[in-house]
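Presented sequentially are two complexes of subunit A, the first with subunit B as partner and the second with subunit C.
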Partner chain A sequence: MSAQGDLLHVVTQDDISAQRARFGRLIVWGSFALLILVAGVQTLGTQGVIAPIADNWRPTLYAYVLWAICLCAGQVLVRGEQGKRVLFVLPATLFVVSMVVFPLLFGLVIAFSDWNLSSPDGRQFNGWDNVVQMWNDPFYWNALTNMVWYTLAILVEYTIAFGLALLLNSQIKARKFFRVAFLLPLMLSPVAVSWMIGKSMLEIRFGPISRFLREIGVDNVTFFGNPELARLTIMAMDAWTFIPFMMIMILAGLQAIPKEVQEAAKVDGASGWRGFWEVTFPLMLPVSITAILIRIIFKLKLADIIINVTSGGPGGATDSVTSFIFREYRDRSNVGYGTMLAMVYLVIIVIAMTVLMKLADRWMRPRY
Partner chain B sequence: MKRELYDHLVRVGLSRRRFLQGTTAIAGAAAMSGAGGLLKPARSFAMDDVRAEILKIPGVGMGSPTDADWQRVGELCLGGTRETVAEGEFEGVELTFMGLNNQNLHNFLFRGFLRSWEEYTGATINWIDLAQADYNARLQQSIATGTVDFDIIEMGAPFEGDTAGRGLLNEMPDWVAELIDMDDYVDYLKAPVGTWDGKTYRVSIDGDCHTFAFRKDYYESEELAAAWASEGDGSAWAQPTTWEMVNAHSKFLAGKTDPLTGLDAHGYLDPLKGWGGFGFYFLENRAAPYVKHPDDPAWLFDPETMAPRVNNPGWVQAIQDVMDLIATDGAYPADQINADPGTTAFQQFLAGTGAMLNWWGDVGSSARTSDTSVVGDVVGFDINPGSERVYNSMTGAWEDTPNVSPNNAYIGWGIYVTNRVEGDDLKRKAAWSAAAHLGGKDLSLWASAYPSGFQPYRNSHFQFEEWEEAGYDRAYVEDYLGSNSDSYNHPNAAIEPRIPGIFQYYSVAEDELAKGFAGEYGSAQETADAIAAAWERITDQIGRESQIALYRASLGL
Partner chain C sequence: MASEQIFHDHESDLGHKAKWFTSRVLIYGILIVWAIICLFPIYWTITTSFKMAPDVMRGNMVPWLDYRPAWLGWRSLGLSPETIGAESTVREQFLQRFFNSTITALSASTLAVLLGSLAAYGLSRFSFKFGFMRNQDISFFFLSQLILPPVVLALPFLVLYRELDLLDTRIGLILLYTLTVLPIVIWIMRDQFAGIPTELEEAALVDGLSVWRAFATIILPIALPGMVAAFILSLVLTWNEYFFAALLTSTHANTLPVMVASQTGSQGISWWSMAALSFAAILPLIVIGVILERFIIKGMAAGAVK
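The block that comes next holds the complex of A and B.
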């Protein structure tokens, strides 16, 4: 063992010969050159410059896998123990690059293409045309506007969830039963909620809720008949499913608050409301912000209930961006434009979430 | 045949009287057989008659057919294969078959039907089973990415533009056309359906059309008849035969009482919400008599320019008719703006709401068999209502002549062979032999008579005596299937163009119609113009010149 260097963290004495290091570099660069060569030949083959070597891109995939293996092995050969440490991260990095970054880049290429699956011309690069089309597409802007309303509804959901969490945190009878009962909606698939509630319980003629409303004298019962009501009903169904999620997070937060703090506030004469507003709520802020942020992420994906119950109607009143993209992509095979819409939505989400997290970070910083 | 229809026919076919007749006959036959085998010649005669024999598998009232039954039917219908293929001729040939697995039918049946074919010919088949919802996406992606990995495909005629139009299909050999007796097809399934540029690609295994279902009790109600006499236009209170009458009756029925349920009465049930493109067929029902001129095969696009006709006065009239009913209080049930075709058929009409509806065979088959249907005894069927005038796109003017045009929506399933078999004669023959077996005249009769997912589509399927002898209820078969037969064979039927992306046009039209029906456009004309503009964009995106060529080919021009 070496008597010098980082003796605390280095456990192996590496005596890497020049030949071994050269071999390591050789397999890394050699396999990389092979990857470039195979990918280049296949690209030329698809463009008709030379005869294609295969019907699919598997040769390039195999070359990539070979290069990845050689890259990992090369780290150990060239850098010894330091290389082994890199192996803790490098395979995962390569996997993420393969499964996330590359498809994202490929998605960008598609997003700037005119690619209708029914077109005999196949995919054609069309620059910013999809962006221009999106800019002039009232259906997309309508869906984005709806998303603003859907997202704002989270504040109401949060208030209800907080109330329920406080209730379940207090000493009430059958507390365990209610905790399980309130969680049940979260266990249901939104598709099941769509059919059980949207299509069955809210069915205007035979649905039990409609019957009840008629019994108490409501004429012309309707839940999706006009735009505002339809949007509210969709919000309610989505809220019913996901309020338990926020509730359980807040409940966990409430249970983590030391009892002494609230008892001290009581001793100091804080009323129930002041105790909540001045002590419990500020202490719950980090959990609340986290719950709201995660809920926003869920909400931005809202599509299943809408697709099943209203198909975005009436007149686009309940359309979400995702349900609109689903129609554009699946029903109309408009892959290029659909991908552009999804990419723009992704950018909007990334920006919005970054801003929100910055703001949340500021709000959660202790005020001294 | 739809499973529900089968269940119903079984139910009515096995009445107590018929059951006793059957048992008496069996007892008598047993006695006669014991007394000297007098039945033997008759049984021998029945064995020769394949059609009569397969209709007894498993037999009416003997439960749903099983895989063993499908195999037995396939084996009995192997005559055509034996005539054209030597035993073991396809030894070593491997084929891939892509189809649906809806309701455990389609591919499940094909496996059974083809079992004996595989054993006889020596070929083997690999199966790709798809759910209906995945079908279009899988097919389009295979085509667009050049990864067609199947030799035989079960496919609807509307996709012929996407496949035959791109040269992805293999032309049917003459011996197959002869073997399956294509002259027996109902008129609308004959060329140009199944053909492209004069070449034939399709072995039909199904037919589709919308038929008009109406509540007879509405028209037998003395109360409603008296009210119509005082409030109506002087015509008789009887089943409407034109859309003008349908609209008048729908307005009249607003505020009246349903004679069956005692709840609010309503007239025709339009689905006002989209249904993945399929909802557009229901506006087509209304528009077809207005715009499908007998002298012009085109009715959705101009065959010279692909300019949409959806905003011509005929189509606008159809949209306006719906808007007029939306504006009439009580003409539709509450919340109709959110009713898709599934709602109008199964939650409204079959559940006793509304007097009239257009739909595929499912309504006819469910009316008396579904547990949730209350209209089984009061439902009647007819072809799509006509109109008192027709718009002539060629002259650009209305003609005051009555017109009828049934909407043969979706055209039905067929078996096609892809061009993967080209260059290998043995494989090609094997693929077409399998397709011919599935579309054979006798085998298709069995598929029409038992749960299979397929409706009758040959003239020979409408020989009601065969159904009656097999134990089915003649009256219902005649009423319901008769309306199908009349639609199929109508000389002015509206048949959709088999062009690439046809469901893209329908899907975007649904979105624009939903906005129009929700009052977001100023008029029916504005709504129609928005649809036309969206259709123009799709045509430009897919390629106008190629669409024109393919559209003309699909019309047989």
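The block that comes next holds the complex of A and C.
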């Protein structure tokens, strides 16, 4: 995007009267004062200094929303044309900041406390206890290692997705049918998938996949009995839903390659396998890297299937970090410890993704 | 008059044809196998919802040939022909969840597309400075939300919503869902707006339209396909969302995935009713996927190809 100056140059005459500007400032600061006032009264109410005005924090929320609206309106009133431009970005920014930054700060406070939602004591600040507990929690480290395995499975998914995209891009009939059919798994909810495939089709006695395996001579298949096999099964189910995603991104990349390039390669005698490795694949590198990075981001959120099919078992072999924290909360309703685990996970993710993106950047730069 | 063929295909040419033929067979073979892998679970779910207990146990697959279809699964949801007229608490429940899912998914996607398009347009046309943040940084700030795993926000929101009395309400879910799909919408729309030449608005501005009028009357119609793509992608993601819904709702604002998940444990497993329920949960998206496939593909391809 343009780093200097607007792409859209407009010179407009703004004659903002002093009165209008004053009114703009007044509503912004007035609503802000109201917000502070309401929040203050509510805080005093919870401390028991005065009688509480409501049994929840809704009034503060309403005051906050009012302030946000006044802030947006004030921009236009005070700054005229420039304010109208800010108005494009301001609502989204306010929304994200209030929905992410505040909860994250709040989460930091929770992370350093012992807070069992079902106990009457409420929040107890406990310093680094949660960190110590986390350090000694073999299940958390196990979940983190599992995430590495799950992430590595993306390479296999990528290979399959690339193959399918190549096939869809070749001269075939009924391309539309195949495209829709291949896309469908992505549309299905992971919860339904975990029932349809995980519970029903993999049922040991009469699930069609187990029967099929028995037909071809594999006996005693227990998909979720053995840790490695259970992890592989989860990977396969997750891959089933998300391969279409990578496939479509790669397909779009393939279609963007000009036909002339491949024709030129063919004329030069690079056909089939060599043509792919020396022409198509390098050209597809940027798209591939984008697809893989986005897929990694989605993979790191993996939880629904695990929660519903194995709930982490056997012995934590299939646990992802998210499903582990989910159970940590469900079983012990320990908000403090769970939040600490999540925060540590976030830090690890941010570091890992930054490193990956830096590496990808270096990779994507053409090397002539 | 015996005519003799003078020109013969060379050996190597014939080999070429055979090779072409095998490659065709191989391509279609793989395509069909993968299509079966993709479609069979859906087929299995539909057929299971019409099976009776012995049919499930025997693993019969083809209706009418292997077994006689019955309305067992749908009757347990109160949606079979005999029960559709009668009162049914299960159906009431199911419809309420369905309604919750629809409302949450639609409102969250609408809100996200609205906020996201505006932000993406602003970022692609004007240069901003919020403190040290310039356009690049603001864009990155929005897109970086994609990395944020839901689990990080889940517990703080649980506590916050409890204080705000927003637990188990649809509005609470809508706000969170909007947040989760907003980066994707901005990602897609940024690409859309970057592809529209600024001369269009310049002409409109010269003609005396304000920035917002120009946006609404000139740019929006052009960017509409992209917005539809973003909307549908958001719809898919929000309809299927389970993690937040499982944590933040209990009775009133439950969505369909939560209902599906909560059935698996209780009273053994009645395969037919689970199949019916799962199928009802995925049906809307299958319909959307088949009809609006090109929008979905367009949306997902937007970020990939620059």
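As a working rule, the second predicted complex is superposed on the first by the 272 of 368 C-alpha atoms of A that agree within 3 Å, B and C clash if a C-alpha of one lies under 4 Å from a C-alpha of the other, contacts with A are read in each partner's own complex, and residues count from 1 in each chain.
Everything that follows uses one rule, which is that a contact is a pair of C-beta atoms (placed from the backbone, for glycine too) under 8 Å apart; a residue touches a chain by one contact, two chains touch by 3 or more.
It should be emphasised that the depicted structure is a prediction, and the values quoted were computed from it without experimental measurement.
In the superposition on chain A, A:R205 makes contact with both subunit B and subunit C.
Looking at the superposition, the partner that touches the larger set of subunit A residues, subunit B or subunit C, turns out to be C. After overlaying the two complexes on the shared chain, residue contacts for A:R327 are found with subunit B alone; subunit C is out of touch.
Touch criterion met: A:I297 reaches subunit C, while subunit B stays clear of it. Of the two partner chains, neither subunit B nor subunit C is touched by A:W273. With the contact threshold set out at the top, residues 56, 115, 117, 205-206, 335 of subunit A are in contact with subunit B in one structure and with subunit C in the other.
Across the complex, subunit A is touched by residues 27-28, 30-31, 34-35, 37-42, 44-45, 48, 56-59, 61, 115-116, 118-119, 121-128, 130, 134-136, 138-139, 141-142, 145-160, 162-165, 175-176, 178-179, 182, 186, 194, 198, 201-202, 205, 210-212, 215, 236, 239-240, 242-243, 246-247, 256-258, 260-261, 264, 269, 271, 274-275, 278, 281-282, 285-286, 288-290, 293, 296-297, 300-301, 303-306 of subunit C. The touching residues of subunit B, counted against subunit A in their complex, run 136-137, 140-141, 143-144, 147, 161-162, 165-166, 263, 272-277, 333-335, 337-338, 340, 347-348, 351, 353, 500-501, 503-504, 507-508, 511, 514-515, 517-520, 538, 541-543, 546. Here subunit A touches subunit C in the complex through residues 1-10, 55-58, 61, 81, 84-89, 91-93, 95-96, 99-100, 103-104, 106-107, 110, 115, 117, 163-164, 167-168, 170, 172, 176-193, 195-197, 199-201, 205-208, 211, 240, 244-245, 248-253, 256, 286-287, 290-291, 294, 297, 300-301, 303-304, 307-308, 321-322, 325-326, 329, 335, 338-339, 342-343, 345-346, 349-350, 353, going by the rule given at the top. On the side of subunit A, the complex with subunit B involves touching residues 56, 114-122, 139, 203-206, 220-225, 227, 230, 310-317, 327, 330-335.
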